[in-house]
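Next come two complexes built around chain A: one with chain B, the other with chain C.
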Partner chain A sequence: MFDSARQSMLWLHRFIGVGFSGLLLIAFFMGSLAVYDRELDSWMLPQTRLAPVDAPISLDRRVLPHVASLSEGKPLMQWYVELPDARRPLLRFQAWTLEGKGYSRFLAPTGDQVLPDAGSRGGDFFYRLHYTLNIATWSAGTRLLGLAAMVGLIALIAGVCIHARLFQDMFTLRADKSPRRLLDLHNLTGVFALPFHFIIMLTGLLILFPLYLPAGVHAVYQEQADQFGAEASAAYRREASGTPGPLASLDQMMAQARLHWGNGEPTFLRVWHPGDANAYVEISRSAGDRLSKDEQTLYFDGASASLLHESRLPAAAGTFKFLAGLHVTHFQQPWLRALYFLAGLSGCVMLGSGLLYWLEKRRLQNANGRFGIASMTLFTSALITGMPLATLAMLVANRWLPVGLNARADWEVQVFYGAWLLATAHAAHAIWRSPQRRAPWSVHCLAISVLAVLAVVSNAWSTGDHPWQAIKHGLTAVAGVDLVLLGVALLAARVGWRLHSRSGAVVALGEVKNG
Partner chain B sequence: MVEGLSSLMVMILQVAGLSMLALSQIVHWRKVMADEAFPGTRALRWGALSALVLAWVLSQAVLGFAMGTVFWFLGLVPCGMVVTLLLCWRSAWLRGVGRLFGT
Partner chain C sequence: MTRRTVKQDKKALDLQRTVWLVLALSIGYLCVWALTTLAGLGLSWLGLQRSEAVLASTIAAFVSYPLLVLWLFCARPARRNGLLVAGASLLALGMAHYLAGGT
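On to the complex of A and B.
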């Protein structure tokens, strides 16, 4: 079938690329946005825009007195707080009742203020979309993305093997040669970010390995898969006694934890079986200053505040937490986070340029076009410009939907999918009309530009926090999102205008030839 | 502030190192330096290696071994693209790097 190993690898690379680029593009684009999920929270949830507070926070005063009212006085299995950090100057309270009902609210770090209900899923929507595709049935979205990551790794290795001039072409971009420039862009982004792409797909698979490879866990733990998780993370568990009991000072436990870790800061505190004599408190260390996701969790007795257990991870679990930390980016270093964001976008460029190169080559080989080319053009258009359009439409809707709207967060999600569908329908219409089966790239780019500007203006109009004002008030996350949106608007306008001028020139040339 | 400036310095060193690596290919040298004699690959590649190692050492000094190494690898993405785009559209801007090795 193939004359050489290189040819077979080329076929494999193309087959996987065409078949799975769509899923990988969603994962890379949404994953890149998820790097700044808390900054997007701040932009999409204006009620959470508070200036950072330097004063230490007392959980005994700030949270404990409000637990009953925040959870409607129901008996709880657990409640927890995420503590403020450099990226989110807020406390996040969550509680779960014995029946499994959940409560979630943001609290201001000082004073008695409980922030109003969110009315938006914020950055969490993009984060969950990047690894679940929002398909919960049988975890089908996560399984599909797992398959895409696995074959993506194979495509990456095959891509390196078929790249005959890997070093010679390392800095080569033939911008004036089409479609060669697309292949150059595909190779450049693929080669420069090769370690990132490899690690991010591998760790993406590793994080969810119990879902993808459950047989080993089931063989050892049978029906008690939770036990595996508890043992792997060296966690402490004890059941509720059924008799009431007091809860000692949480501030005292946090002080003990700080002393135990040396220079570490707590990031998360959970109270198990609150109100029970067997209550215990779990305190995790912030991973903001390192790569590993190992939280070095400490467990305290709820009644006496004495240390019950320190989770010391086995070597394998420690390695796993390090690799998981490389993927989930819990560290706070702003420059490293920016590089993760850029590397994620480079993955999008690699996948997008690969698809476009494949399309252009097919177009040259079949000058009159065929149904296959038209459908692939629609597919790439829906992904490359449709997905950013939908994202921007969601941001605009976030600022335009009335605050009191019932199920407001669901409306935002519907706008996202609606805009994506609309962009795809528009692309289908344009491709069907065009004799060359071209996607409406220029129109979509110009629409992206308009929506990005509209999002910034809407934010300034509805909250008064235009970029300059946001910087003045210390809201760097809001100013950052706005400035990135303006950058996107400029870039998309430039690309859209160039494509529009070029298509005009091509039409004029066609008229001269036909005339 | 210090961390930010040091991170910027790491990336400047990476751009310098990758520029030398690019110029060590005769095609790029001719595009940037026109008629100036090619100094050979050895000097340029040693220069590139030194700048990139220095960037790696500096990133570790600032961020520690693990984070510094990840920073260095990820820094290659924007720095490599900057060098490529300069070679493509503003090749004259790399003349300064080439002159360091000119005869």
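On to the complex of A and C.
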């Protein structure tokens, strides 16, 4: 079948690359956006734009008196609050009734203000899309992405093995040689963030291993598979007694937790079986100052506020939480987060340039026929420019849709998919009309540039928070998103203009040759 | 040899390679499934906490899967390697079933 191991790896790398780059590109692009999900929340949910508060928050005063009204007075199985941090100066309250109905609201850290309903899924939309593809049936989206990540790992290792000059590739970009420049870009971005790409795909698989490889759980736990989660995280559980009971001071429990952790800060507090004599309170430590996702959770008795249990993770669980922490980026070090974002984007460039290189090579060899080249060009165009166009269209729609619109969040999602479909249809039309079956790269880049500027202007027009104003009011997340959008606009305009000039030159050259 | 025949040969070869890749992925998965099962049971039998046994064997499985598939796909003789790994995996699964108390 193959003459050498290198040839087989080359074929494998190419086959997997062409077959699975699409799924991986969606995961990498949306995952990169999800690194800044809270900042996007702040941009997309203007009602949550509050200046950070330095004073400590009293849950006894700020949350406890409002639990009944926030959950319509229904008996609850649990309620929890996510506490404010450097990236989100808000409390997020969630509650579940005994029947499984959920309530979710944002609370201002001071005063009695309950923020109005969101009307947008915010950054959470991009986060969910990056690992579910928004396909819930049989978790098909998550399974597909798991397969893509698994074969992506194989392609990555094969890609390293077929390289004769791994180190040299880091410094080679022959921008004047086509299509060699695409391969150079593919190698450069691939080698630059190689450990990141490897770790991010491996940890992505590990986080969801009960879906991808449940063999160990099935074998060891057999009929008790539901006990695995609680045992692995060394959690504490006890059932409700059915008799009413009081709840001690939550502030006192938080103070105890701070003392217990040394210099750790609580990030999450959950009350189980509220109002019951067996109520207990779970307090988790912020992972903002560490890579590991180990939350060192403490459990307190609801009535007496005495410490019931401390979850101490053994070796394998600790390693697992560390690996999971590398993926979910709960740490708050801004430069490390920026590096994650850039490494994620470098993954997108690696995948995109790989696809384009494959396409250009086929074009030169005139392989796969005109239909094959046209369909692959459409596929790459839908991914490389269609996906950012859809994202920007969603951001613009977020600022233009009326606040009182019924199911506003769903409308935003429909705009996202509609814009993606429209960009793909436009690309199909342009490819069909082009004699060389070329995608409308320059037009799409210019459209990206216009939409990015429009998003910034729309935000300034609808909220008054233009970048300068946002910085002045301490809304760094809003200013940051705006500045990145302006950067994208500049970059896309430059690329679009260059591609437009080049295609003009190629047409002129063709006319000279024919004439 | 005509151009058309060369094209048909290439198509047949590509199909053969694709089938072999799917087989390598499936045999690799069968193998890590069997190893995870056996390692999980073995570690818990040796006294490791149940969840620890599951996590340790699963992490090891995810790290070894890509390397195993690459070896199955690239090393020669491929057919013999494939049969060997598939046979050993089935044997390991049988053993795990026996260890877990199956009949």
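Structural remarks
The rule is short, and it goes like this: the second predicted complex is superposed on the first by the 509 of 515 C-alpha atoms of A that agree within 3 Å, B and C clash if a C-alpha of one lies under 4 Å from a C-alpha of the other, contacts with A are read in each partner's own complex, and residues count from 1 in each chain.
By definition in this document, contacts are C-beta pairs under 8 Å (C-beta built on N, C-alpha and C of every residue); 3 or more make two chains touch, one makes a residue touch a chain.
A quick note: this is a predicted structure, and the numbers were derived from the prediction, not measured.
Applying the stated contact rule after C-alpha superposition, one finds that A:Gln365 touches neither chain B nor chain C. When the two structures are aligned on the shared chain, A:Phe320 is found in touch with chain C, with no touch to chain B.
With both structures placed on the common chain, the touch criterion links A:Phe15 to chain C but leaves chain B unconnected. Counted by residues of chain A touched, the larger count belongs to C, out of chain B and chain C.
When the two structures are aligned on the shared chain, A:Val151 is found in touch with chain C, with no touch to chain B.
Shared-chain residue A:Leu173: touches chain B; no touch with chain C.
When the shared chain is aligned, no partner comes close enough to touch A:Thr137: not chain B, not chain C.
In the superposed model, A:Ser69 makes contact with neither chain B nor chain C.
On the side of chain B, the complex with chain A involves touching residues 3-4, 7, 18, 21-22, 25, 27-28, 63-64, 66-67, 70-71, 73-78, 80-81, 83-85, 87-89. Contact residues of chain C toward chain A in the complex are 13, 16-18, 20-21, 25, 32-34, 36-41, 44, 49-59, 61-63, 65-67, 69-70, 73-75, 78, 96, 100. Within the complex, the chain A residues that touch chain C are 1-2, 5, 8-9, 11-12, 15, 150-151, 153-154, 157-158, 161, 202, 205-206, 209, 213, 215-222, 228, 231-232, 314-317, 319-320, 323.
Residues 168, 170-173, 175, 188-189, 191-193, 195-196, 290-292, 322, 326, 331, 333-336, 339-340, 342-343, 346 of chain A are the ones that touch chain B when the two sit in their complex.
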